[in-house]
Structure formats: C-alpha cells, structure tokens
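Letters A, B, C and D mark the chains as written, and numbering starts fresh at 1 in each.
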Amino acid sequence: MPIEKMTDFSITSMQVLDEHGNLDQELEPKIEPSRLVEMYRVMKLARQVDERALKLQRQGRIGTFAPSIGQEAASAGAVFAMEPKDWLVSAFRELAGWLARGMPVESFFLYYNGYEEANLYAKERRILPISIIVGSQLPHAVGLGYALQYRNEENTAVVAFMGDGATSQGDFHEALNLAGLWKAPVVFVCQNNHWAISIPVSKQSASRTLAQKAIAYDITGVQVDGNDILGMYVATRQALERAKNGEGPTFIEAVTYRTMMHTTSDDPNRYRSEKEVTSWWNRDPIPRFRKYLQGKGLWDEAQETRLGQELDGQIEQAVGRFEAFRPEMPDAPFEHVFGTRHAVIEAQRREFLRQLNPEDSDG
Amino acid sequence: MAKLNMVQAINLALSQEMQSDPDVLLMGEDVGVDGGVFRVTDGLLEKFGEKRILDTPIAESAMVGTAVGMALAGLKPIVEIQFSGFSYLIFGQLEGHASRYRSRTHGRYHVPMVVRMPYGGGVRALEHHSESREALYGHLPGVKTVIPSTPRNARSLMVSAIRDPDPVVFMEPKRSYRAFREEVPDDPESYPIGKVMLVKPGDALSVICWGAMLRPTLQAVERVEAARKLAIEVIDLLTIAPMDQPALIESVKKTGRAVVVQEAPRTLGVASEIIAGINDHALLYLEAPIKRVTNFDVVTPFFARELQYIPTIERIQAGIEETLDF
Amino acid sequence: MAKLNMVQAINLALSQEMQSDPDVLLMGEDVGVDGGVFRVTDGLLEKFGEKRILDTPIAESAMVGTAVGMALAGLKPIVEIQFSGFSYLIFGQLEGHASRYRSRTHGRYHVPMVVRMPYGGGVRALEHHSESREALYGHLPGVKTVIPSTPRNARSLMVSAIRDPDPVVFMEPKRSYRAFREEVPDDPESYPIGKVMLVKPGDALSVICWGAMLRPTLQAVERVEAARKLAIEVIDLLTIAPMDQPALIESVKKTGRAVVVQEAPRTLGVASEIIAGINDHALLYLEAPIKRVTNFDVVTPFFARELQYIPTIERIQAGIEETLDF
Amino acid sequence: MPIEKMTDFSITSMQVLDEHGNLDQELEPKIEPSRLVEMYRVMKLARQVDERALKLQRQGRIGTFAPSIGQEAASAGAVFAMEPKDWLVSAFRELAGWLARGMPVESFFLYYNGYEEANLYAKERRILPISIIVGSQLPHAVGLGYALQYRNEENTAVVAFMGDGATSQGDFHEALNLAGLWKAPVVFVCQNNHWAISIPVSKQSASRTLAQKAIAYDITGVQVDGNDILGMYVATRQALERAKNGEGPTFIEAVTYRTMMHTTSDDPNRYRSEKEVTSWWNRDPIPRFRKYLQGKGLWDEAQETRLGQELDGQIEQAVGRFEAFRPEMPDAPFEHVFGTRHAVIEAQRREFLRQLNPEDSDG
C-alpha cells in the first residue's frame, strides 16, 4: 500500500428559491400558507426594526448597534425550522431569528441602550442572548446539546449561530470537534456574510468553502443560499431531524451578505466597493420571498402596504415602551454578581449607594 | 470517620455529591478510565458511568465552554483542568461567560459550575506545573476562588462549591494531596465559601496563609512560639474571593501585627489585597508593617531551582520574627 | 511639534518606529485597509505595505502565538487586540510562552513584542468593551504592563515598548483617545518603562492614578486645592509592572497621605499593590489609611449603568477630602 | 442549482517500507549509504537514551520524563529531511528528531532534572525547545515561517511537531488556518501515537483520519506510516519542497504508537491492553529499518553489537557530564525575567540572596 486513498469527501450547495424567483419544486418544503406569511412578516419586521434603529442611533437615542439588513432569511429560515423546545444560541446578527422566536422588539432597543433588562425575556424562549466574543458561544451550544442527551429530552436540539469570522477562532474548532465526538444534537449555522468588519471571508481562511470545515470533524457540512429562506428552512429542518435522531451535528454555511455597515461605528466605504454591495441588493431575500408568496396567491400589493404600516405601528409602540423604561435598581450589578451574599460586596454596595445619594445615606 | 488524604477527601466529596444530585457531572482529561492523573476521580467512572464522568479531548476552553452550556441548562458540571498551568486557556470562557451570565440576564440564567485544578509547586514537576496564580481568578468579578489546605476542609469546601449557584474555581494544592491525612466525617459536611478558618488563636501576631503554605506556616509558628513563649494566631484564608475581610480585620485589630504567607509571586498577589483591606479598616491598630513572605516576581524556574523560591519554614519564621521585633 | 490626540500620537510612534526599524511589523484585526476600528493604524498600510501591516482573521491566540514565533526569529511584532475584552484569549500564549522564553532559555531566546489594546469604560460601548483588567497582566512575571494617559506619554511609552527586548502589554485608555490634544514633539521621544511621572508636586497628599483616571483626578485635585489652599502631589503610574515603587514611597514619605484612583474593580487591583508596597516601606509615615477610589467588585454593567461605577470627579474628591480630614 | 457538488477532497496514506520489510521501490528515496547508517544510528541512540533515562528515573537521578520509544522513525525521518537552516519546532516527544539535529544527550537529562540550562543549545540549531502546553507551539511555527518570508530567507522552512492530542486544541486550528492563509512554509508533523495519556485518538475526534483536518484549511494533508523512517523522510522532503517553493504548508499525520507509559508518572495498565501494545512492537521502526540496511549490505550483526556499545559509552559520558553539572546562579530567574533591570525586581533579588546566605548578607 505505498500510496493509498483513505477517504473521500465532497461538499454540496443547496438552493430552493433562486434570486430570480425560480423554485426547485422537489425541494420545496410543505409549509402552511399562514406560516409562510408569518415568515414573510418576520423578515419584514426585522428589516423595519433595523431601519428604525438606524434612525434612533443617529438621533442618539440608542448606542452603537449591528444591523442585519439583507441577512433576514438566514436566521429566520433556520429559526422557523425549530420547535419551541429547541434551544437557540445567538451570535449577534440574528434579529430576524430572534423575532421569529418571539423576542419583544423593545428588548432589541434596550440592549443597544445598555440595559441587561433586554435579556430578561430570553430564558423562557430557550434563547441564549447575544454573545459578542466571536465564536465563544459555540461550546455553549454543545453543552446545551449534551444536557439534552443527559436528560433524555427527546426530539430536542440546538441551533447555534455564528458569523464567518467565527470559523477562525479556536473555540469554533473545539466546539465542533466535541459536538462530533458526542454526536451532540446541534445545528451550527454560519452566516457567511462575506465580511468580518473590514476583513473579507477570503482573508479569514484559504478554504474554498466554509462548509468543508465540517470534514475535519466528520460531521455533515453543507452550503446553503442564505438569502433563500426556503433553502435555509429545508436545510435546517433536515439537520434538526438528523440531530434529533441521534445522527449528530451539522454545519450549515449560509451564504449571504452584510449589506450595511458592521455596526453603526463602522464605515464600509473604507474597505469595499458600492458595486459589490449593489450586486447583493439584487439578491435581497425579502422581495424574492414576496414573489414566491405572490406566485402562490398568498400576497398582493395591498397586503404589502398594510403590513408595512402595521409593523411600523408595532415598532412605534415598542419604541414607546423602550423610552418609557426606567430601570429600578442602580445597584443591580451588586444584586446579580452572585446568587449568594458576601460581606465585602455588600459593604461596597452600601458605599456605592451612599455615593449615589449622599444625602439619604445611613452611613 | 476515616483518616483520608486530600485526594481521597475530594474524591469522597465528588462521589457523595454525585450520588445525591443527579445533575452533577464531571469532565476533564483522563478523569474517567484513568481516574485522573492524581487519581482524584478514581472509581467515579465505575460508579456513575460514562454519561456523568466524561473523558474529554485536550480542549480546555471548550471544556469550560460546554460546561457553561450544561450549567445554563440546569446541570452542575465539574470541570477538571489537569494542571492550573493550562487554565489560562479557559480565561476567555470564564471571564467572558461563566462569570457574566447571571449579571447579563439579571439572574435569569446562572452558571453553577466548579472548575477544579491542582496548582502549586514543590513536587518536582515540569514547566507549567508549579504556578500559584490564584490572584488572577480572584480579580474576576462573578467568580469565586477557593483553596483548601487540608483533607477535611478540601472535602467540605468542595461540597459547598458543588452546591454553590455560581462558578467556583477550586484550586487544589497538589503538594498537599498526599502529604498527610486527617479525620474526615463520613456524612457530607460543608464549609461556607467566603469564610476564613481560625486554625489557632493567638494575640501576639496574625499569620494569614492558604493552600500548601499552611503546613510550613504552622511549623514556623511553632518554632517561634516555642522560643518566645507567646501565642500567634493562624488564619487559613480558604476563600480567595470574595474575601472574608471582616475576619482578617478583627484578627489584626486584636494582634496589631500580621504576616501573610503566599506561594505566588509578590506583585499583585493575594497578600497585597489582604494588606490593602487591613489598611482600609485597621491601619491605626498596626504596630508594624504587615510582612509579605512570598515567592518573587520571576518566571517560575524549572524544578531544580523552584524550591528556593517558594516560602520555606525558615523564611516564614524570619518574617514572623522581624514583625514581632519591629 | 504638533497638537495631537492620543490616537494620532500612537500612530506617530508606530509609524516612526516602523520607518526606522525594518524588523517592526504590526498585525491585528482590521488594522490594515480599515486603519483599525479606532483608526490608530490609519495610513500605515499605505506606508508600509501588506507584508508589514497584516490584517488577520479573528484569532487572538494565534495572533500572539505567531507573534511569539516572529519575535523568536528576531522580528519585533506589534499585535493589536481590538478590545482588551478579547485579550483573555491570549492569556495562554502570553503566560505560557511570551513571558517565559527568555527565562526558559536563560536569555538565548527572548520575545520583543508589543501587545496593544484599547481598554476601559466610558464610551457607551457594548459588553466586553469597558473593562480595565491591567491587574491580570501586572501579575504575570516576564510581562511588562504599560498604560499611558496623555498623547505625549502614549507616544513616548510606545516608542519604549517597541524598543523593549521583552513582551509589553500596552493598554490604551480608549476614553482618552480623542478626549484632548497635547503637544507632541516631531522627533522620536521615549519615556522609560518602569518609571512613574510626577504630574504635579505637592506636600499635603499624594494621588496616584493611571490611564483614563488621570483627567478626573486632576479636576478633583484642582477643586480640593482651590477650596483648601494646599498642594497635592499627583503621580501618574504609567507602568503597572514592574512598578516604580521607590518613587511612590518617596512621595508618600513626603506627604504622609495617599489616595489611589483605579478604574478597575477593587479586589486584587493595582491599588492594592501600591498600598502593599507603601506598607512595606513607609508605613510609619502614614497619617491616614490610603484611600482606594475604585470601581466595585461587580461584573461590569452594560453601558447604561457603567458610568455610575467608574470613579468620578466627585468620588475622587470625596476620597481626597476624607483622607485629608482623617 | 438546487443541490450542487462544490468541491471534492480525498486523503491518501503513504508507506515506503512496510512492517515486513517490503519496499516500494518507486517511492524509495535516494539517500547516501553513510546517511542511511546515520539515520539508523540516531534512532538507536534515541532508543538507548530513553532506556537509560528510564533507569535514571527509577533511581531518582532524573525527574518524571516522557519516553518516545517506538516513535523514533516519526521524528527522525522528518528531521533528516530538513536542512540546517530550517527551523524545528518541538512538542515533547521528538527525542530522535532532536538528536538528529545535534542536541547533546546531556541536555535531555538536564531538562528532566529541572534545569533551564538544558535549552542553551537550542537556538544555534534553530530548534524551539520543548513546548508542554499541548498545541501551543503551532502558532510559533507559523510565525517563524512568516519571518522567513518576511526576511526573504529562501529555501528555508519550518517543521513543527505535535501529538494527536494537539489536534483538539484551538491553537491547532488557528495556526493551521493562518498557515494556509499566509502560505507559510511550514510542515506540520502530527505524531498520532494513538494515545494522549489515557485518551485514545478515537476519543480526540470523530474524524476517521487526522490528516483530513487539513481540508478545513485547504492545505495538503497526508497520512504516513510513522514507523517507516523512509516514508517519513519522503513525505517531509516533499512537503518541505512545496513549502520552499511557495506552495504553502502541509499537514502530515504520522501514524505511530506510544509503546511506553505517557510519562514515568503514568500507569498505562489502567487504560489499555498488553495485547494492543504487543501488536505495535511488531511494527517497531528500528528492526524494520535494520532489515532494509541489511538488505542493502550496509549493516550486519557485528556492526549492530558495536553500535550498541558505542552508544552506551556515549550516553555514559553524557550522564557523567550531566551529573557533574553545577548550576552557577541560584538567582538566574532574576537575571532572566527581563532583559532590562528594574528596582522592585533587583530589591527582591537582594532579598532572595540574603535569605539563601544569611551570613554573607550585605543588608
């Protein structure tokens, strides 16, 4: 056996609905009409929340934030494939996915205005909130998956999001390796939006696809058109099924594009061309899916106009609630550093409160 | 009641807590079949099976990272880091997530987790196997750092650590693993995290120490007491953070003199924090500067030179005498 | 001589040192085309090309790890960690290798390297973008930790850091990046690592601070001086470790009173080390406890509550007054 | 394009000289007879040093150490393919490789007796000394490789060793990814000796081979019989050539076996069977290569006996030098913490020296 082929691998790419609205009927998922409309509604809501947030940010009413305009299908498609008892592990650009899972809109604004209270909603919905340290959330997903196995929670799995940049991190590798070993019921969804701030994906890795990174762990890897909500739905559904059947994790590379700045602190003109951005606007997931609904007779212009207004109204109310929010405890950090009380910390809490209100101090 | 060494005592705590709480599980490199390189987890695989005793690949960051996920789902993972010298790889997960989930969600989520790690020098081990870097953990808000010193308190603190609702870094002085035995009650016993232990009362001077420094400290104290006919108070810190400052202050208010014995390098070590706390609340009671008997601000030498750098009975004794004579 | 802000001043240091020493190169996330998220490296790619200004993937550990390799081969890498909140990922490489290669080989190899990182709060940034954890680095033997406070000393310390034969963690107070300008000489100027700077002399009390705390400290001092007609000495620490203890001790021996202002949480912070050093060498000169004006031992809150936790002019002033009145 | 194949990958395995002494003549490298004998000598030297060290350890004359008995071909084969100006990056089980590159035998003993002086020799030979933190040395190799490119050091590359356990570490992933991106001239040699202390390689990763991990970075990955010194030589030579030609890094999985304990503190009976170990003794690289030399008329019994004695003598002298070693500076740690002097540290140095010699203190 001087030179012998050991193993063969290949990576496939999937698309159900292409950018011109062409449908692959064999792959088309069977989804109820009302749910299809709901999927559309969530993408639109996400888009309008981002647009509103851009304005709020410019007016100084919220801080820096990360828009996900153009990526709505990638996270929404995956989340619509989930069941309520599945876990969602967040990176930070999954607005449509969170909304699909019922995040209150004001939580988004609260988060970007610097309040932990933004995250109060998350546990009930089995969501792990925004994880800023790139890639660091992936081991959590594997741990959650392990816990599901440990507790014999059947038919339950985890969907974990990340950006393309996360694939360069050590934690990505360690997490996927463990997931493979433990056959953890985890679906990793990598939103390859082509950029990590100013770094194009070609400078994250020499690998031709991100999907092929799954081979290192002998887990299923697949590339999906991330701007095709049906493709994302189908791929995630299949992966979740495998996960729930004990067939282990899947890595989905959702090919999409960050059409806006990284965050509102970023100026993408420094590093990429308008032309590139425009070419991706043509692949916008929202009009594409609208055409699909129209073709099915589920949608028309009037509904479109009405939805836009309805969502604006919903967002307006959320802004109202957000701006009416008054945090209760300035000393919340002391309350929540531990679940137990300790003398040094309580002494500091008193010191803190004294300094806040020097007059009504009790010493 | 049996006479156990520290390895056996910790094993007892792990075994009993796992027995009584099915949510407790343990993971680490070589903790299963091998029973741990120090045999701390010996026999647990047989008792609890592969699902609860996980042999992991060499991936410290993901060990703690997956444990965070398990804890968020309500389990109580115990992670063994084979040697504290490899614990720097878990800093990202510890600082970034384990310590923060409670505060990030105002208590909705929390992370009950124990990270066990043998630490410290004196066992002729290779590079990275001798450091004492408890100060790094002690500086992280949201993390509790505990260091036992004897079999009995190792067991009772481990019980508390496992039951604690928050991440506890549990540093085990490997030099003391098999150095001596102590009576350890059969029934589970806990000792509160955040409290010192008064090892012996005294009025001439307070010596504060922790971990493997307790034994040489007691010997040094004995020598001084024998020679000078006085009583020295010895306090075992046990919890590095959150620190039991009130107890330390009370002691120093009584004795007016203190020595802190620390295996770690001096700069930004735990001794400095102890001194700062005493400065805050008991400066006027001090009759002498508080003496730090510590390692030095050098990279830990390979083991041939290592012992010269760790505080010895002689150095501790000299520190006590100097402080008494001041 | 030009009036520069700190971003420009550091940029000047980087640019001039790269110009004069072809072994210096710079790497990090977004440092090239984008010029760094704070624009500290703006224009360097154009000047020095892709070989010397490397845009890296998001892989902090390997950034420092490859820099160790480059340094061992004789280059002088500068690594930018985008925010200090991601620097915990480099602890393994820093503690395990960068800090040790000199000692491990008794000086045959050494690791000239600068790890730059913006740190600290007060800019309404997201989670992980506000911490001040200089104490963690300061506790690592073999690593120097430097924190400038003004454009001019940022430039001159950066020059020293780049020329230093050992790893230097260079923490840049991002709150001060664009807060004010200062005259910075055109020609390269260096300031020694390991030395404090006397900002203003005084005899009533010594205030010791660093980084972004310098400005509120000076304002607090001004208020107290105006009200009480006395002179307060202000010392800018600049180097966290190895610390310029002699200078601190000398000052406190003169004034007999001291306040330390620290942005970081209290426990095991740099203030504690300063106090411990003064305890060692100047206890008898103290007329009052040394006051620590610090953040608290809590997980850094999200930015809505953050500013309430960082020492303010008012808290510093109160700390000074309390210490004067003791 | 509903479902489309994106990319294909395969992993090959190579062997030049099999365990029965069968040679693949096409792959046989052209190596001068004297060099072949030298290769044999180095493997034997490594074996005998390890055997001697086992005795010294039992007698308490050195501390715990990690034997590499049975793995001699893997590191020696790779190192014999290197040129003097190439860099060698160590893990900790490359005794034969270090000896091939001229490490003095006493350095090995000094290292395992706790003296940094063991590493004084390394820089001149472009060796990075033992790196204990699993996987942490791999980024160093990439940095060295980058430095070679930076300085236009032509025809020079890096060989970096690791164990199978290292493939689970984040640093492995980050290093290989960067190497791929930078096309760094680095040959990664993974000694898959089937065990990481008590963890079998099947519990490190679900991947069928370790070589396939290279696919994640689109770099060449190949499996080689690590007990076949000729195979290791050929594979490394080819990889070095590619590296030096600017064709980027290679990942070589050297399949071998740790026939002894992990370190002398370890008891392998706790976790593996004698039978498994015995089966690998049959694949011992040394007799296999001896047969090859014999077949070529380069070696006979008399030479074998003479070599054994000669090496024992050489080792004896090294033991003598090692035991005669008296370190000069107890305060070396103070001397070498920094290349500059600082008041706090010098004050501590004085304190340290005072405590060492209380009598001749100068205060």
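A few notes on this one:
The working rule: contacts are C-beta pairs under 8 Å (C-beta built on N, C-alpha and C of every residue); 3 or more make two chains touch, one makes a residue touch a chain.
Since we're looking at a predicted model, the values are computed, not measured.
Greatest centre-to-centre distance from chain D is found for A, with centres as Cα means. Of the two interfaces, A-C and C-D, the higher number of touching C-beta pairs belongs to C-D. Spacing of chain A relative to chain C, judged by their CA centroids, is 36 angstrom.
Taking each chain's centre as the mean of its C-alpha atoms, chain A lies 40 Å from chain B.
In whole angstrom, the spacing between the mean C-alpha positions of chain B and chain C is 30. Touching of two or more other chains is recorded for residues 56-57, 59, 61-62, 85-86, 89, 92, 96, 102-104, 127-128, 141-142, 242-243, 267, 297-301 of chain B. Multi-chain contact residues of chain A (touching two or more other chains): 116, 133, 168-171, 174, 177, 181, 203-205, 332-333, 336-337, 344-345. Within the complex, the chain C residues that touch chain D are 25, 51, 56-57, 59, 61-62, 64-75, 77, 92-93, 96-97, 102-110, 141-142, 144, 164-166, 193-194, 242-246, 277.
Touching chain B in their complex are the following residues of chain D: 63-64, 111-116, 130, 132-135, 165-166, 168-170, 196-199, 203-205, 265-266, 270-271, 327, 330, 332-334, 336-337, 344-345, 348-349, 351-352, 355-356. The touching residues of chain D, counted against chain A in their complex, run 1-16, 18, 24, 26-27, 168-174, 177, 180-181, 183, 203-209, 211-213, 215-219, 223, 248. The touching residues of chain C, counted against chain A in their complex, run 29-30, 32-35, 37, 55-59, 61-62, 85-86, 89, 124-128, 266-267, 296-306, 308-309, 314-315, 318.
The touching residues of chain B, counted against chain C in their complex, run 85-86, 88-89, 91-92, 94-96, 99-100, 102-104, 127-128, 133, 135-136, 138-139, 141-142, 241-243, 264-265, 267-273, 275-276, 279-281, 283, 286, 288-290, 292, 297-301.
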